[in-house]
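Below you'll find the structure, written out as structure tokens, and then a few comments.
Chains here go by letter, A, B, C and D, matching the order in which they are written, and residues are numbered from 1 within each.
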């Protein structure tokens, strides 16, 4: 089980300069923070420094509610940093969006029920009633918002209100077969994770397994990514593939794909929960 | 070492009907052929039967030069078959086309020199002189045909004459950075194997590693396929991928890609030499 | 959903001879059975013929309850065949054995609940009460049999009685942390599927992730296999691996391993349910 | 092509303490070294800090021949470091040992000839004359030392003398089918790279493909590792696997294995040349 620890995570990116790493680690060390993980990466082509550091707060001398202010003042401004501070006592709150297929939903809920993740799942949203029985099995409220062209913006407004009410910090589209509007997406920038059932950018759009079969590819894949207003083109978090042969029908591709989809989606969700993803210029830095 | 055996291979496809498999195996059995491998596959959606059968000729009672005639008369016509008969005493003859990169070329030539394949490589063709030293190491004639817009059809005509002269039965583009004309391709239908340095259909065209890096994918791949007049869209033979991360620069993608490219190309060449590939409607059936 | 079809599957192995394939397909064809899948394989080294054929029974002229008798009389005896006939109207009945971990259990039950498999799961057996809540979520009876050295044979006798009572045809050990006795295993020869959390034969026995970490391997794996009286040495059905690095602690290996375990186990269960596995001499033939 | 740069690489491990990273990066930064890559990893269980840092020397103010002394005095002693400094103007010198198989040898030489690696290969040593023609193709001296029980220590002494004469810094066993003596190995601690044709620790020893076929595994693999006096048990550098099926004969396993072996060996050699491997307690830290 994650999250019983009392820790902080900093995700940082800024123009690369000598000494950044030293300054950040000294900031933590000199105030008696015990660094648990530190990972850094410099994109030399663009001259950008990325860093993730996690440290224990029990002995840290800066009060928890002052860390951000001190870091801002002492370091972030000086190095022109974009950063986020996450404290382990603030649990992320995740909403699942689903349509009619259960495989990704079960995989998420099974991990949640097994307490694998430091997360709360206060609700599930769907455009169909089909998955309500699954939600009930796990005692999670299930809300149905049927979507038509006419009612879409109205329904999304209701969804957003519901998310706000439940304090949702990020959304997971577990094979949710509805395109979200730009307005909706802008409420959760790089905080909506989708699973696409192809190795993007191949076969973007609908019916990728049919397209893959038609093209006669020898591998199929799945892609988890943050949703942006550009359909199926947001920053990729994780991808995996499996080999197929001429013997595989479309139905068999769909079946094999399900196993990819659920694992690739859950891996992305886990990385997000653990604050290991930094989105930058439509790409992701995913720390290990 | 392959090919010292005295065998025949039949590749067949035809409309599916009951009894085809039985009729073909009986044809071989009753004339005392010993079946070594048999693989069949029925595409139920399209109702097409595919088959590969390999048998020993030493005890086979139909004279080698009569097999095709007998099979045609007794079976193929009746079942409306498209088929090809390959005899092990006819070695395939392969021309390699290359530009400036050596990794695929070395991989092909190393296997050839180690006698892994039942094939002859009578010549290497290039649009640049760079790889001549490699060809010399393996004592294979190397012909340079610099290509410009103006001289392309003329140079291709010379290449075709040279291929004919050397009795070439199929061509392998080992990172040959020139698009072949439709005219050239039509001389070798489903007998020109190319390696494309992406998991097609993603990143078709030039500079796929740059495109992959720009898109921020987490897997890169390579695709071997038969060349058709539709660029990068011919029947796919083999694909493989490797995982990458945000740390990989374009240069590192290119380096990692080389290992994929050479293995994926050589696998396709091997399958072709072993008569295990059936191209059908822009897809391939690849028997194991 | 599988199994609404009215079909038969034959799994056969016998000494290889010319004409077996023809005879079996003719048996089906001449009695108006429509072959849906046929896969055959000849082990040339040992001279053994293996075959799986599935056909539609709706138009088949031999009454369902006579197929086995006719096949036995007309073909099986003649060719010295070992065979099994499976009819789609007889649903396999599967018992799950589990201890304290939920990931494999959830994966099996999610597929079952989604009606992916043509199977019944009448009960779950455990040596611990921990997973009862999961069983309840899916409304499946859960029986606890705490095992000690002293009570083992007695408890196993009760388990066997319960399996018999529920008409169980095969068992799945979903991370069941108890070694079954030879007596128990002999009641279900090649019908108990286990998941071992290593790429066997490496790290057989307990604590494979600790052993893998200690040895410093760069891949970890999982193995599904039929249970035999020789611990961790039964016929392997499926294996998969994932790459790891020096950064992975034992805990991270365990976490990464869970995803391998559940997929590799479910694949084996699916193959078993679809009658695609033939065990022969401590190895398996797994048809696609 | 690697190595035209003027750079230094430091590989360090020591007991973990706050501030090590800061002190090392400051040492480089304050003397005007430009850090190109930095990777660090802390083994929290054992409390050990590992680091690799590469920086440009052109502007570095400490004279190249004084870096080691200064680093030792100012930092290494203080933190109880085990470290190695590598300068790009000292090219590693690699000896290849080979027996009768060419696939790994060709893969190494093709990369060498294409100038992919910052390395010199002054000689090839064998216990058989078979590969001399390959060596000749690449104009590399080839020495044959037939080995018998009786002459082994004598022949190894000659080999060691030859390696010394050629200034060899590390050895690569490219399917060299002779066990090296402890005496030989101790001359090149963690500087002899071997390729074993199995996913160790499975199938250690001779004939692993036969053993894998006998056991009926569904994956085969290859392992590159440093040679220690404990046979097939040295620190693992890289491993990879491929899926196989019941259809694969031992010969096909051997063929499929060749592609794994050559790639897994070459990757290990590349990592070694690039100073990215730190061996520690029979395991390796392999920086990316």
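The criterion applied here is as follows: a contact is a pair of C-beta atoms (placed from the backbone, for glycine too) under 8 Å apart; a residue touches a chain by one contact, two chains touch by 3 or more.
Note that the structure is predicted; figures quoted are calculated from it, not measured.
Peer 1: Among all chains, whose Cα centre is located farthest from the one for subunit B?
Peer 2: Chain centre farthest from subunit B's centre: A.
Peer 1: Name the pair in A-D, C-D or A-B that forms the same interface as B-C; by residue number, over half of the contact pairs must coincide.
Peer 2: A-D
Peer 1: Taking the mean of the C-alpha atoms as each chain's centre, how many Å separate subunit C from subunit D?
Peer 2: Once rounded, the distance between the two centres reads 42 Å.
Peer 1: Based only on mean CA positions, could you tell me how far subunit B sits from subunit D in angstrom?
Peer 2: That pair's centroid distance is 35 Å.
Peer 1: Listing for subunit A: what residues touch at least two other chains?
Peer 2: Where subunit A meets two or more other chains at a single residue, that happens at 44, 243, 245, 247.
Peer 1: Residue numbers of subunit D touching subunit A in their complex, please.
Peer 2: Within the complex, subunit D contacts subunit A at residues 18-19, 21-22, 25-26, 29, 35-38, 40, 42, 44, 243.
Peer 1: Contact residues on subunit D for subunit C in the complex?
Peer 2: Of all residues in subunit D, those touching subunit C are 41, 43-45, 199-203, 215-219, 221, 235-241, 243, 245-247, 249, 282-286.
Peer 1: Looking at the complex, which residues from subunit A come into contact with subunit C?
Peer 2: 102-103, 106-107, 110-111, 113-114, 116, 134, 137-138, 245, 247, 255, 259, 263, 266, 288
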